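Labels for the chains are A, B, C and D, by order of writing; each one numbers its residues from 1.
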């Protein structure tokens, strides 16, 4: 089909033309001043998006998974202990990576649909009198379940227990879409990628590292070269890059940040909240509920919809793709079949989102699920039309 | 806003990526063989789209309006009589052009919402014993009212009256979207543009001319150079073009035709019917009706929706643009304010169309019109999901 | 070949990426405010490029040929007399158009290689005591021979003879590349197109019209609708366009003008002079000479190179295309075979121009012409390297 | 400058439009069948480009440096011995990476300008009776010096000594440009990137791995997750990818391979030889010589030009960038200042290459080096014009 629908997967996200064009540039010499004119502002802007003044930004031609590896390999040594919770596929994968890098991972198993268990984390920190835990790993937005964790709460737990562990946050599907405050929350490493809130193609791992994380670099014994912060730092200082950078993507990142910052991060977050709330109203209109256990856990970038008893979420995703050429996300791991996922991050309008909800409804009807056509759409319409920001503000 | 909604104006239409890329090409020498490799297949394909084997195709760097001028100036002389009907803004404009070119235009005034009045046209032809009428002008699809006229019926009227007048058809908003059969219908000149069913940017006037029309060229006294068929013919025969062609658009036209013909014109027409019928179901769901007076007149490319008493269609169009960044068409001329127009031609999916209907609904609610949110969307959803073609067929 | 050489035809010219991207935009509603945000600044910028404050600008979805037709049909009536000279293919074609529009064309036949014959024009104006001559037509830059005419000189001739005729100038291949001063030179209509100095695809006819030309509109009896200034004016005044505009090209025109005006028109002219002068040095290095009879006639946008006795310029053009995938221009009309043409306007660097000269040299050697490989290149290199503007200035 | 010159750095290379467009695609669901339609043929084509039937291909969103890391971390364990030679910056960097990953690197120091020292390598293998050496690392094309090493010769050395070590080859700047035969040469891991012979943006590490290399995976103790072949294999088998792939680049890779394979790899290699030989003729024309010590070592993708006594190659590179907006490569490491580098790989025509040579000449003159303008260009012209392939063959 050459007619094109928006996608509703939880990333990669729909890309505005202006950002696609910024990525699609002719070859330029990455050892020239022209590269500096792209890279330096991109890095400076990412710091603002992360809300950090004291941290440093590192950008690798890689993905979020590479970002996780950069986070641990630059700061930890084999045998080091890290504390984390497993409550979805992406928190699981980071745990798996840590284990494969021979870290000692202290895992708090948590129900999928819940977020980071603050009480248990604090208890574990308190119990760790000898400060064996070198880092706490937290998945800010669990993409598998549409659950947001309370990163500020983890920081408070660390502070209350006077624990010196570093705080590493997977913000792949939250940063540039949902509230994220690296400095205020005392995040030591924040990891994200290009293909979510930044509305770019996949291909960049983007990290912020606090002074404390940087101080851990020289002691860290995990081997790394491609992902080595030290090479990056040295090259950046000289206006360069330690190997061939993805110049087009970096230019896209610069332009994406220009738009996000012009809009204002609080407005960007509010925009995502508003689109997401419309989706939640639609779900309620269908008589269904999100996988996230309570409103404080609701993600503003992805919603996993719990399907009715006896129904299979994966069927809906397959049908939507096959019959309507529209992409949603299947349930993964513990919630496979039990949910389908609607991505609602990046570049979306009310109209685009309504088209996704309308197709989801048609699929439900096609599959014989009990849902009235138009019921979810109407609920979302009602919310969108009454919550619309004034055009002047929307003109970002 | 850098987030992008589809447009629902009755042209220019939404452009698929593959066609945009075909238009956006580096400069090439239009006197080289490379140009022939673009132009010759484009012309051959347009003949198939027009369903003509005996006609010739002319393509000008211009628009549909230029196409109208090419049609009359290549075949007629000042003082010549043409017969036509006025039932919308676009039939009106062609009449105006003829008058400015000092043709004697015999106009049958027809209610806006009706199509070409076959009986009156036939009566006029019959009354014209001396065959003063040199051409009958017909607007196949009146974009102002969403009315389709019966071109085959006009041909029958000409045949029944044994009238030798040529038949000129404005197919700007029908060709490549709705059934059009140049040879079968005995059309002498068909006029269209690039920015409608061909899904290209505006910039090309595309004409088919029958042998009879071509035979009129040498007698025609209306002055023309830019639009002269004779220069075009001479240049085409030599593999060239009489002046600088719009090479990128022509390449886009070639690629567009490749897609249309691979899909099959009957499938293209069926696709437009299906999208249009969903729109009509939505309108009925809202308790409203099309401007077109009866189902046989319904256009499959644009619907003018008659707004409730006391409401103003232009308000809806303004609000949709301002609040939801979505483009519909206002009512023009006799139906200004009384209708708003939904374009549904070119590259559209069910999902895209539903997004347009959903926004129209929100605007009605915003304006205090009596409409239940979701009512039109649900009616369209019901139709779309039960009429969906099998994916295999849709894979064009 | 998917490897791409620049073109060296005298238009369309090489297009910078930034301008291609400006043309390649998603469909937007041309009846919306967004269109005004593109069109109004484009028109305002074109006025600056034309160096007119008192004139008005009209832009048609057409080409330079259409621009010629707009010029005459908006201001003249059948039987009106115009005065002009024929000294190349493009002056010839304008004459032909005037004759086909039944104007009385008083032609001064002039040797191809010469420009507008000021003395003879002045004599003809002087002899026209009854002021039958309504307009003088002048081809500023004859693309066929690479000859620049002295438009200011024609204005002086009109002034000295107190002749009220209008002055129409074909600036298709000069405007936005070579010095052009509409107001200072008293030009009544200036005609150009998008695909030369503006570095855009073909598809726009661009005209400037003086108050005197506009005053002639209502008396002009030549029929026109598509090209009617009056419809344009009325629509422009309402922030619109009389039919569907070529929005992408207009956006490209806006961006092109932004770059040209940021560089400064005098710098743009100087840049073209410099590139052209390098070409002329190369030609001298080959022992050849331009078709233009004397240095004051040299065009800075195209050079027609007179080939050695017994050689055929068309052979070189064919060989360059076939063997080296490079496009030059053949000789046309009176100078067919006797010259080949090198276009050197629009977006070109020293390096690009040298690649064209190097290929021309290789072709000469291939064809057995007497030329030392590297001789022309070296002459151009010597000029370019010693005349290079400071980088700071070149950074436009 | 918005006017664009080709680049002459040894990668990233100039990108043809058709490949840029293939990379610039709208977001699609990488868990859909559409992804398989891109990825599977890309992988199959890369196998053909590598000339392997028995090997498997792995593609990471990374760069050549990441490819090196993938090669060692998937097959080796800390403390393992590898044998290699250092004769340029890129062989040096791979050694450095191995040391940082705690491999025991047996380095044969070799003069920069020489290639892999076959005799010394064979001697070292022979001396290694206990087969401590697990892998021989070879830089096929040392980008710093423009030296090609004899990979088949290393294979013969391994065979003659009956040594079971694996053979890992850095083919980043050779593969898809110069002869490379993975199976015939018994290469166990071949590493390359997207931004050289494949004419794509940087962002993909591309590897071929032999069955022997794959057999080493399970024993390998170096930690890796992002670069783990095992995850890739498992996902590929299921038609997927272990994390978010760079879909646009992969589509570009597919299209690039389509073009390369249609041209035929032998023709691609011949094309690079021919362009390179023209550069070498030019260098001789200047009275200079390549850094590569003898003709058998000449690289066909990059030439490091040894500058005259008392001159500094870096000055030329700076001047070219600043004055002529043209990018060459500086000398690195041992040859810093002593050479400048001309990249001549990827998408280049004779004309483009001549423009680079012409600018290099102008810079030499500007810097007061003894060189006759046109001398190198003429030598290259002479070679190019007499070695041009027939147009029919060149039409790939």
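As a working rule, a residue touches a chain if its C-beta (ideal position, glycine included) is under 8 Å from a C-beta of that chain, and two chains touch if they have at least 3 such contacts.
As the structure is a computational prediction, the values presented were derived from the model and not from experiment.
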Copies subunit D and subunit C - interface residue numbers shared by over half, same or different: same
Selected pair, greater C-beta contact count between A-B and A-C: A-B
Of all other chains, the one whose Cα centre sits farthest from subunit B: D
Subunit B and subunit C, separation of their C-alpha mean positions in angstrom: 35
Approximate Å spacing (C-alpha centroids) for the pair subunit A, subunit C: 54
Centre distance in Å when subunit A and subunit B are each reduced to the mean of their C-alpha atoms: 46
Multi-chain contact residues (two or more partners), subunit A: 4, 14, 17, 26
Complex contacts: residues of subunit D adjacent to subunit A: 4, 7, 9, 11-15, 20, 23-24, 26-33, 61-66, 68-69, 73, 78, 96-97, 100-102, 193, 195, 201-203, 222-228, 242-249, 321, 327, 329-330
Contacting residues of subunit D [partner subunit C, same complex]: 1-6, 14, 16-19, 259, 322-326, 347-352, 354-356, 358-359, 361-362, 365-366, 372-375, 377-378, 381-382, 384-385, 388, 391, 394-396
Subunit D contact footprint on subunit B (complex, rising order): 17, 21, 25-26
